[in-house]
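You will see two complexes here that share subunit A, one where it goes with subunit B and one where it goes with subunit C.
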Partner chain A sequence: TTSPGPFPFPREYFFPPFFTRQTNLTTHHAQLTKWSALVLSYCRHHRIFKLPLSPASTTTGTSTTADKPISATPGEDLFYSPKINRRLSLVDTREVINFLKKDGRAEYVAGGDKEGDVVWIYWRTPEEWATLVEGWVEETGQKGSVLTLYELTEGEGTRGTEFHGMDSELLQKALSVLVKRGKAQIFGQEDSQGVKFF
Partner chain B sequence: MFLKQIDLTTALRPAYLPDEDLLFVQDNVGLYEGKYKVPNQQNGQVYLTSHRVCYVDKAEPRKHSVALDLKDVERYEFYAGFLKSSAKITLIPKATKRSSLQPRPPGITPGTGSSSVTRTGSPVRAPPMKPPPASTATWVCTICSFSNPVPSNFDPSTASAHTPLPPCLACGIKPTLAHILKASISNATSRQPAPTLYTPLPVRPRPVSEFSAAQISAPGLPSTPGRGTNSSPRTSDPDASFQCPRCTFLNHPSLLSCEICGAPLISHDLPAEFNQQARTETDSPGPFLSTPLSAAAHSLDTPESVKVSFRGGGEKIFYERLKGCMTQRKWLLQGAPPIPRSSRSDSLGGNGTGTGADAGTGSPVERVKVAGIAGLERRGQAMRKNNELVIGSAFEDLEALMASAKDIVALAERFARQVQPGGAGGSASETALLAESASQLGLITTKDIVGTSGGGDSLYLSELARNLAEFLTDDGRGVLKRAGGIMSLVDLWAVFNRARGGVELVSPSDFEKAANLWEKLGLPVRLRTFKSGVKVVQGKDRTDETTIRALLAWMKDLHEFPPDRDVEWDWREFGRGVTARDVAERFGWSIGVAEEELEMAEEKGVLCREEGIEGLKFWENFIDTGEGKSRPNEAKESHDKIMKALKEGGFL
Partner chain C sequence: MSSRKGVGLAAFDRSRLNSAQYASHGSTLRSTNAQALETQLSVFRSLLQQFATTHAKDIRSNPTFRAQFARMCAAIGVDPLASSNTSSGGGNSVWAQLLGRSVNDFYFELAVRVVEVCGETRGENGGLIEVRKVREGLMRGRMEGGGEITEDDILRAVGTLKPLGSAYSIVRVGSKPYIRSVPKELNMDQSAVLEAVQVLGYVSVSMLMANLRWARARAQTALEDLVGEGMLWVDKQSEEWEYWSPGFMMES
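For the complex of A and B:
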């Protein structure tokens, strides 16, 4: 996978007040909207599926998988603008995440209502991923065949697809959507799961 | 006495002359001219000062406010109200100055009332109008049959046995009163085109609405001032030159006495706007003048008496103050000669000629007339000595006052304390006595001026509000201007009380109540409350929009000029953030006001804030540039789609 290149930050990224929570409601709403758009496009650009919210969580590194294209510190320069030396505070960051949650574009990895330090950023929702996978399966005529999850994300056959190199957890979510729709079936135990498409 | 237009200050109060003091204010008054109501002056406030009585109309203050000078008032009467008729105070004017040309018959007694005084000798008349028979009537002497003129100030209706009659010019015999009376009456009747209208007053061209037919002349006219009326609408028609009644010499129309024989002329010199207005008969119960007072004010003739009708009370106090005022006659002080200085008999005695006599008589005037440098020096010295004396004598009294100031203050305090325990239960007489003693000590408060009857505080507050507005808009002080056009109420209270100089300070609650009245009274300043509760005072023309525009214009300028130090952001694009302090500096506001204005602008969405290590700054709002408004919410959209599908499928 090619390095995506530097992310083109929008104009607001260089605007100091953008990093201060606005008190005027209208302005605040606009601020949240723009932040959400920024987060999504940033994650899409860098193919970040799980976003750490605070610098502390990057060092634990549990969620950063090796096959992800590395930006220097993923998410690091999203909420911190080095040029103007402004940072979005953690509280405000959570507010942005909650705003995304309402749109269905984010979810705490910890699950449920627990707020952790890592969030799923669905710049494509699981449903959208499911549709993509299904489309690919259709195209390549693999309906009825069995594939492992590993194959889907890392296999040769999937090179060039959008979901190549995707986070396996996310893939599982996408596939479970398909399962619900009745288009696939997952079996097997942990670490070597397979899926059959109908 | 004229009712003339007056200037109003910005707070719609009469502009005072120098040395004029305000004595009393009363609202809810109306004006009458003689017996008739003046059409545009029926609801307003009357201000009694030491020099004038002013009326400020409520509806159209700038157009219909008038005043009359107290020096023109001969006397005044008080009429207590009865049933529906409210109390009135009548001000009766003196004769106009033209009478100085006529010999005033010294025998005219005041007992005949002011009407005779007003009638004496005002020669101003319109030629087509019936001239007073006095000036052109002639009587034929019974002895020598020489035709003498009847003296112009002779008035058949008020002449009595005491009226001095000039003797016949040829033979020197004095005629009988009856003879002259007859002559003048017959003259009048023969001259008049219209019957029955014998006008005892010099006929005024003033547009008076009715003529009272009952005012037929007779000796012993009723004592109420008669009405001057026109017998028919006429317009003035000045001749090119005027023929003297006695010697038929053609004089210039603007002369007052004939050049040859000195007889008084009926002047043709009338102002251009001296038009006869059609008389309109009104049958309204309170008879109105047909035209407003402004046209009438141009009349040179003696106007009718003026009545002030007190529909809201306050007439008694007004009357008392008026009495005091008339006895004091403060307006005379303006023309009074300077107070004679103490004789300076020690000054430069023995210099030059004539000073020996000066020193002896103690004349204060320096008469040495020595030319040259010595004279100049002497003059300088004299001036300095004079200054010394003046200052010294002026402050003598002050020292005396300072000595007894303590006593006076203690006295005042004692009086004040005496009222307190009385409280609500104190009798009215006590408070009256207290007020009197307080006023005698010179501690007159505005509350006294306004009176405590009826409306209670409201008049006081409205006057205070006007006072404040004047204080604020007074260009000389520039209070509001110095504060950048907007200042907080607290600051204003402090400045105002300081300016009062320790006398008659205003309590905060009264201050606020008065400030709230600005809007209602239509004054040019207004009180504005910010979101946080801070109240500020600003000019009426200053709105949020203008302030925002000013702010934005300034901030846009900041895009042009690079900031003093290197900043991390693109100042060309974003300008720079401003703190409240920057804004206060730029606009001349106080910091509190600047903060409030910035927050107001933020509220409007014009600015956005930035909280950084340097503090709170405000930027132009580049965050919310309006694009977000049309962006649809994705979840909402999908929800809508589902609903639509369900509806179409007939499930809903």
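For the complex of A and C:
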């Protein structure tokens, strides 16, 4: 898969106070709005569907002058800005996630209210994915055909589409929406699940 | 009998007759001239209208031409920004209508965009924004061939907003002009802090104490005031808390 290239960070990413929770209510709201937009565009750029909130390779408390590898794991440099050495705390990060949740753009992976460490970032919601797939079915005249989930995400036939290579769990969510819309039917078990489009 | 020129009373009478003739001739002349004048004026008017329309593009795209045009209008006593539906008599309203249209449109549109930028950024800057940043923001969002906008243009555009009351005004912090779109006025200490922030983009309590020779409490109060107004952001991950101007986020 081709790498999308480096993400063009906005100015606020290099603004030290951006990583401190602002006390002024209005300022804080502007801050949350900017963070939300940043998280969404960053994840869209890297095609990150599930975002870890505290990356595995946590840096130590003391600042080091060690160079970070150029190909850092996507997600690592979102809440930490190496050039200015500022990090958004986990507590403040959760606040951003909750802000996104209100807009339906985020969901904790464990489900329910339990706040784990991995989050669905819906830079495209399951509903939006559903509409995309529906459109593709129309365009390619696939109504009435049956496909496996694997074919949809990994098959040659879907190469070049937006949903090729997408997280299969998220695709399932999207297909469930299509089922509700009466546009599809899912059958089969686990590994050999298939979908028929109407 | 003979109406030929003569002297004496007869001549006097004749001169009176001539005067009357001259008078009537004069008034004929005047009315003829007035007619000619009006024809001339209407020709002039339409030429002027053509000029304004032809050069509308130049007025929009060339700030030097625009400034010169504005100066020319001022020199002949015409306010190009005057409302075109003014009922003031004389040539003024007519001229304003002919010449002012394109200039009017330009500044009106600019004022609208300035108001938009102020509205969009009020959350992050508390309603105080440097004119330079507004200009940069507008130039960045401009379409190809849109022409240059100067800080002078922005100041004029904000001037046209005066009828909206004190909602939009130009304030100076140090030597730099800012647009203030909230009623809150800055006191001396707050202005001094904002001026100090201009130097590095941020200040700390220690920096204010050292450079302005203020007591700690005074520095803290001014900074907290400004944070309270949403005009400064605070960074708590530095050794000493640092207070930043939000303008940094608008830089290109």
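Here is the rule we go by: the second predicted complex is superposed on the first by the 181 of 198 C-alpha atoms of A that agree within 3 Å, B and C clash if a C-alpha of one lies under 4 Å from a C-alpha of the other, contacts with A are read in each partner's own complex, and residues count from 1 in each chain.
By our rule, contacts are C-beta pairs under 8 Å (C-beta built on N, C-alpha and C of every residue); 3 or more make two chains touch, one makes a residue touch a chain.
Everything numeric in this text was worked out from a predicted model, so none of it was measured.
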Simultaneous placement of subunit C and subunit B on subunit A, clash or fit: clash
Subunit B versus subunit C as contact partner of A:Arg86, first or second or both or neither: both
Touching partner for A:Pro17 - first (subunit B), second (subunit C), both, neither: both
Partner chain(s) touched by A:Thr33 [first = subunit B, second = subunit C, both, neither]: both
Partner chain in contact with A:Lys102 - subunit B first, subunit C second, else both or neither: first
Stretch of subunit C, among 26-34, 44-52, 116-124 or 134-142, that runs into subunit B once the two complexes are superposed: 116-124
Footprint overlap on subunit A, where subunit B in one structure and subunit C in the other make contact: 11-12, 15-20, 22-24, 26-27, 29-31, 33-34, 85-86
Subunit A-facing residues of subunit B, complex: 568-570, 573-574, 577, 602-603, 605, 608-612, 617, 619, 621-625, 628, 631, 633-635
Partner subunit C, residues of subunit A touching it in the complex: 10-12, 15-20, 22-24, 26-27, 29-31, 33-34, 85-87
Touch list for subunit C against partner subunit A, complex: 122-124, 126, 202, 227-230, 233-238, 242, 244, 248-251
Touching residues on subunit A, where the partner in the complex is subunit B: 11-12, 14-24, 26-27, 29-31, 33-34, 83-86, 102-104
